[in-house]
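Following this line, the structures themselves.
Heads up, the next two complexes both have chain A, just with different partners, chain B and then chain C.
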Partner chain A sequence: MAPLYIISSSCISPQPSFGVEALLNEMISYEGNRLSCIEPDYKQFINPVQIRRMSRALKFGFSAAMDCLQKVNCQPEAIIIGTGTGCLTDTEVFLHSIKDYEETALNATPFIHSTYNQLNGMIALNKKVNSYSVTYVHRAFSFEHCLLDTALLFDENEIETSLVGCFDEMTKEHFDMKMQWGFWKQESIQSESLLLHNSLGSIAGEGSTFFMLSKTKPETECNSILDIATLFQPTVFDLEKEIQYLLAKNNLQLSDIDILLSGDNGDTNTFEANDFVKRFCASSTLLYFKHLCGEYDTATGFAVHLANQILTEQVIPDYLYHPEEINKRSQKPIRHLLIYNNYFGMNQTLVLMVNY
Partner chain B sequence: MPERVMVSGLGIYTALGKGVQTNHQQLSLQLHGLSSLDMLETLHAKSFPYGEIKETTSDLIQSAQLPSQQGFNRTSALAILALQEAYEQAGLLPNNACRTALLNATSVGGMCEIEKHYFDMLNNPSAYKYLAETIDCADSTQRLATAFGIKHFLTTISTACSSSANAIMLGARMIKAKQADIAVCGGTDALTRFTINGFNALKNIDKNYCSPFDANRNGLNLGEGAAYLILESESRCLQRKATPLAFISGYDNFNEAFHPTAPNPAGEGAYQVMQRALQRANLQTSNIDYINAHGTATLTNDESEGNAMKRLFHNLPAFSSTKCYTGHTLAAAGAVEAVFSINAIQQQCVYANLHFKEAMPETGLIPQTVFEKNIPIQHVMSNSFAFGGNNASLIFSKV
Partner chain C sequence: MQDVQELKQVLKTQIIESLNLQGMTPDEIDDNAPLFGEGLGLDSIDSLELMVLLERNYGIKIEDAREGRKAMESVQAMAQYISEHRTK
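Let's look at the complex of A and B:
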């Protein structure tokens, strides 16, 4: 596939990742298994009338996209967005209003906003972007398929630049239901110690990340996404085959992967696959990210943002290591980085990145 | 020149009935499938006509003959039944060895079942654990993938009313790029209280049978259904001696960026997307023999689409909207109408637009009002326009 050069990146997450270009010196640890976004001052991006009408996910998604576009001096030729649950608050508000008002005299706004492609439309409308526009809504493949679609558009010589992003929010209602369904750890933990809790379930998260991607390599030092793979309920054998294939396609050896950024979410149900990839990539420095952003459908967006910063700065903050492996600090130059994400076993993905 | 992308199988389930033949027969007899609701409970059951499939969800699941019925909802059951037909017609068996990509579309996914239990779920989630996996859009896709043994690639697209047109477009692109040997593309949506109340709040639903392109049109009718297309390269079709039904000659996706829910009345976005699809197909407007229009019968869509067609086509070919037969099946509509467009090529016919009496004063356009057969149909254009200005247009051509 065509490499996707990262021109700009903006990320709203439970960490103070927004409005700063550099890697954070420290992480924020949360208690209670639910990590919520640190929301920016929306007035910078949205007019006051709209702010009142928009739900959280739309606001932080729209702001991340606007910030990402403001950093570059060009219009995107495509808008491709991934979301697992879309504007969950709006969906819930509309469900409640159907019941509360017994199907009469309902306000249509939450219904409109619950439509998954709402953010695509808002960005296009605001920036007057007449372009290819698609919304992928396939759980933990959603963001990855935006990248794959962009690569295909680049290969087809359709476009030169693409605004690619993702957004997902967690609401109290959704969190509580998923708690009962075993998605989250039953014991309340500190997020920084996620990987020390050998129990079922993970911690909930949310966020929005946007990237401006270019087909042409910028003249300055930069990073690119080299390859992506999405695997549906793979066995460890499938995983091994896919990693080998990914490396072979890109003329790389296992030893070329300097960092493995693991999406291990601390759920013991996924131990086998996570452990396999860790052992398979034993020569790589092992880092983690779900203790920073929590688990959600498009958490890989956060991981790519983080990886982009690591590759640029050539620095690894201590909080990215497993708390018990902090003595394995690496000082080596970082060229290739592999993200492995595992969403409760069913959706597993690989994203290969490189620094030039 | 990349190889042509052939359509080798079709499957459909709408209010007109199950199967491509049944749907074509009803269309050719100019019989619509709209009625008040019998299967779904809502205050609005008798207020509007709907394209409802008159089978209970459990009967649908039964007839899909699934190894396990746990957690299956109406959206998934309709999808499985439609895809079974498409596989059969293409002469494909589930679990086939080739690289199969599944590109599915839905607008509300598992909402059909979730909305029935939502408030009980909040109070007692444990009793509804079987619904945990069905709460999003990916569920029906993953169930299809499991039922048909698809592992190579699967995704779900949701761009409101153009969702499955975009799924078909992605399928064609993946076949061209040799990223898949077979692309299974389409969409599924069941009627839900959620969407009925949404469109009702938008004051977009006609109390009577919808009348696309009519001066006195007063909104859409909602429907449900699923439809799938099997796509593959021409060489692969030849190699396995499959009979292609049509090929995809053009497509485009274009955001008009005009208004959150309404199209530009002048039809700028609709004009652009049709023109770009023609360019990609390397065709002139005069090559198009029939347009299966988006034609929702809302005030704004038909004005916008009508203006765009009038501006683009100097001699407008026969056009009609088939939403007056099936209702607007939302994310499935693009695939449902792709099936009808390919049928028009197969049967060399054009379908009639029902309930048309008087031309819109803005355009003066008159749609096809009678079913006509034995007319040469080489190229058919199928439009799908959506909320957010998310427009798509596909062109199917005779092999």
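Let's look at the complex of A and C:
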């Protein structure tokens, strides 16, 4: 796979990540099992006529995309976006009005905005991009397929740059449904202590992350995504094989991985796989990210943004370590970083990144 | 049944809610100002939302586009049209 060079990124999350270039000095810890995005002042990105029609997910997705593009001031040749559930608020409004008005007199706006590719269209119209524009709706592999698609387009010399991103929102209704299905912890916890709770389920999250990716290595210091692997309901043997294959393909040894950024979401059902990867990569410094953003379909996007900042800054804040392993701080230079995301055991992802 | 004057006030509140005209109050909408283009500056998607408003709240279904354009010229025109055609 051709490396995907990251030339800019922007992230709206439950942490104050937006408009901040450096790593955060401290994290915000939330009480309760549902983390919501810290929303910026949207008026700087969206005109008043558009903003009154847009739901939260569209607003934070669009703003993250615009911010990412503004940083590099260049026109993307492709817009590739992943979302697990799209604009849930609009979908819920539309479905409720179908029921309430017995399939008559339905509002146009929630219907239009409930379609998954709405954000692609809005960005394309705003930036006057009329080339490749695709939305991947592959549940917890949605963002991963955006990266894979970009890699294929780069490999085939179709494009030089691509705006790649993801967005997902958590509504009260969706949270309540998933609570009944056992996705979230029954007990209310403090998000910073997510990994200390040995119980079923996780905490819910949401967010939007965008990257401007380039096929060509910039002249300045940069980071790139070297490789990606997606595994559906793998066994630990599958995981071991895939990690080894990923490293071998990129001429790396396990000992070359300086950091393992784990997407352990605190669900005891996924303990076996998370524990295996942790032990398998024992030579790497182990960090975590789900206590910052919560669990959602496109949380890998948040992890890549965080990894990009760690690689650039060469600093690891204390809040990324396991609360009981803070004394294992690493001071060594960080070159290779492996993200391992695990969405309730079903969708598991490996993303290999490097700093140049 | 409401008189036209009363209806205009109710209608303005419904328009603000239905179109999510943030920060606007009924008093700021001129009875005779055009709803589209100038005046409130509404667009084609808003016209669909106003059609839904008429159907849901007053049982009015506009089939003819020309008639719809006339009925939605201003708050005054809308209130007049509603008082003449409402079924609920």
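What we mean here is this: the second predicted complex is superposed on the first by the 356 of 356 C-alpha atoms of A that agree within 3 Å, B and C clash if a C-alpha of one lies under 4 Å from a C-alpha of the other, contacts with A are read in each partner's own complex, and residues count from 1 in each chain.
We adopt the following convention: a contact is a pair of C-beta atoms (placed from the backbone, for glycine too) under 8 Å apart; a residue touches a chain by one contact, two chains touch by 3 or more.
Worth saying up front: this structure is predicted, and the values here are computed from it rather than measured.
Student: Once both complexes are superposed via chain A, do chain B and chain C end up clashing or fitting?
Tutor: Here the two partners, once superposed via chain A, fit next to each other without clashing.
Student: Is A:K178 in contact with chain B, with chain C, with both, or with neither (first, second, both, neither)?
Tutor: A:K178 contacts chain B only, not chain C.
Student: Just chain B (first), just chain C (second), both, or neither: which does A:V49 touch?
Tutor: The answer is second: A:V49 touches chain C but not chain B.
Student: Specify the partner with more touching residues on chain A, choosing between chain B and chain C.
Tutor: Partner with more touched residues of chain A: B.
Student: Name the contact category of A:F141: first (chain B only), second (chain C only), both, or neither.
Tutor: The answer is first: A:F141 touches chain B but not chain C.
Student: Once chain A of both complexes is superposed, is A:A124 in touch with chain B (first), chain C (second), both, or neither?
Tutor: After superposing on A, A:A124 lies in contact with chain B but is clear of chain C.
Student: Which partner chains sit in contact with A:I112 here, chain B, chain C, both or neither? Use first/second/both/neither.
Tutor: both
Student: Contact-wise, after the overlay, does A:T104 reach chain B, chain C, both or neither (first, second, both, neither)?
Tutor: A:T104 contacts both chain B and chain C.
Student: Touching A:T85 in the superposition: chain B (first), chain C (second), both, neither?
Tutor: A:T85: touches chain B, not chain C.
Student: Using the superposition on chain A described above, determine whether A:S9 touches chain B (first), chain C (second), both, or neither.
Tutor: Neither partner.
Student: Of the two partner chains, chain B (first) and chain C (second), which one does A:D155 touch, if any: first, second, both, or neither?
Tutor: First partner only.
Student: Least CA distance chain B-chain C after superposition, rounded to whole Å?
Tutor: Between chain B and chain C, the minimum C-alpha distance equals 8 Å.
Student: Please write out, lowest number first, the residues of chain A touched by both chain B and chain C across the two complexes.
Tutor: 104, 106-108, 112
Student: If you look only at chain B, which of its residues touch chain A in the complex?
Tutor: Of all residues in chain B, those touching chain A are 42-44, 106-107, 109, 115, 118-119, 121-122, 125-126, 129, 132, 136-138, 141-142, 145, 151, 153-160, 166, 170, 173-174, 176-177, 179, 193-194, 197-198, 200-202, 253-261, 269, 272, 386-390.
Student: Flag every residue of chain A that touches chain B in the complex, lowest number first.
Tutor: For this pair, the touching residues of chain A are 79, 84-86, 94-95, 98-99, 102-104, 106-108, 111-112, 114-118, 120-122, 124-125, 127-139, 141, 145, 149, 152, 155-156, 173, 176-183, 230-233, 297, 346.
Student: Spell out the residues on chain A that touch chain C in their complex, using ranges where they run on.
Tutor: Interface residues on chain A, with respect to chain C: 48-49, 51-53, 101, 104-109, 112.
Student: Spell out the residues on chain C that touch chain A in their complex, using ranges where they run on.
Tutor: Listed in rising order, the residues are 19-22, 41, 43, 45, 48-49, 52, 55-56.
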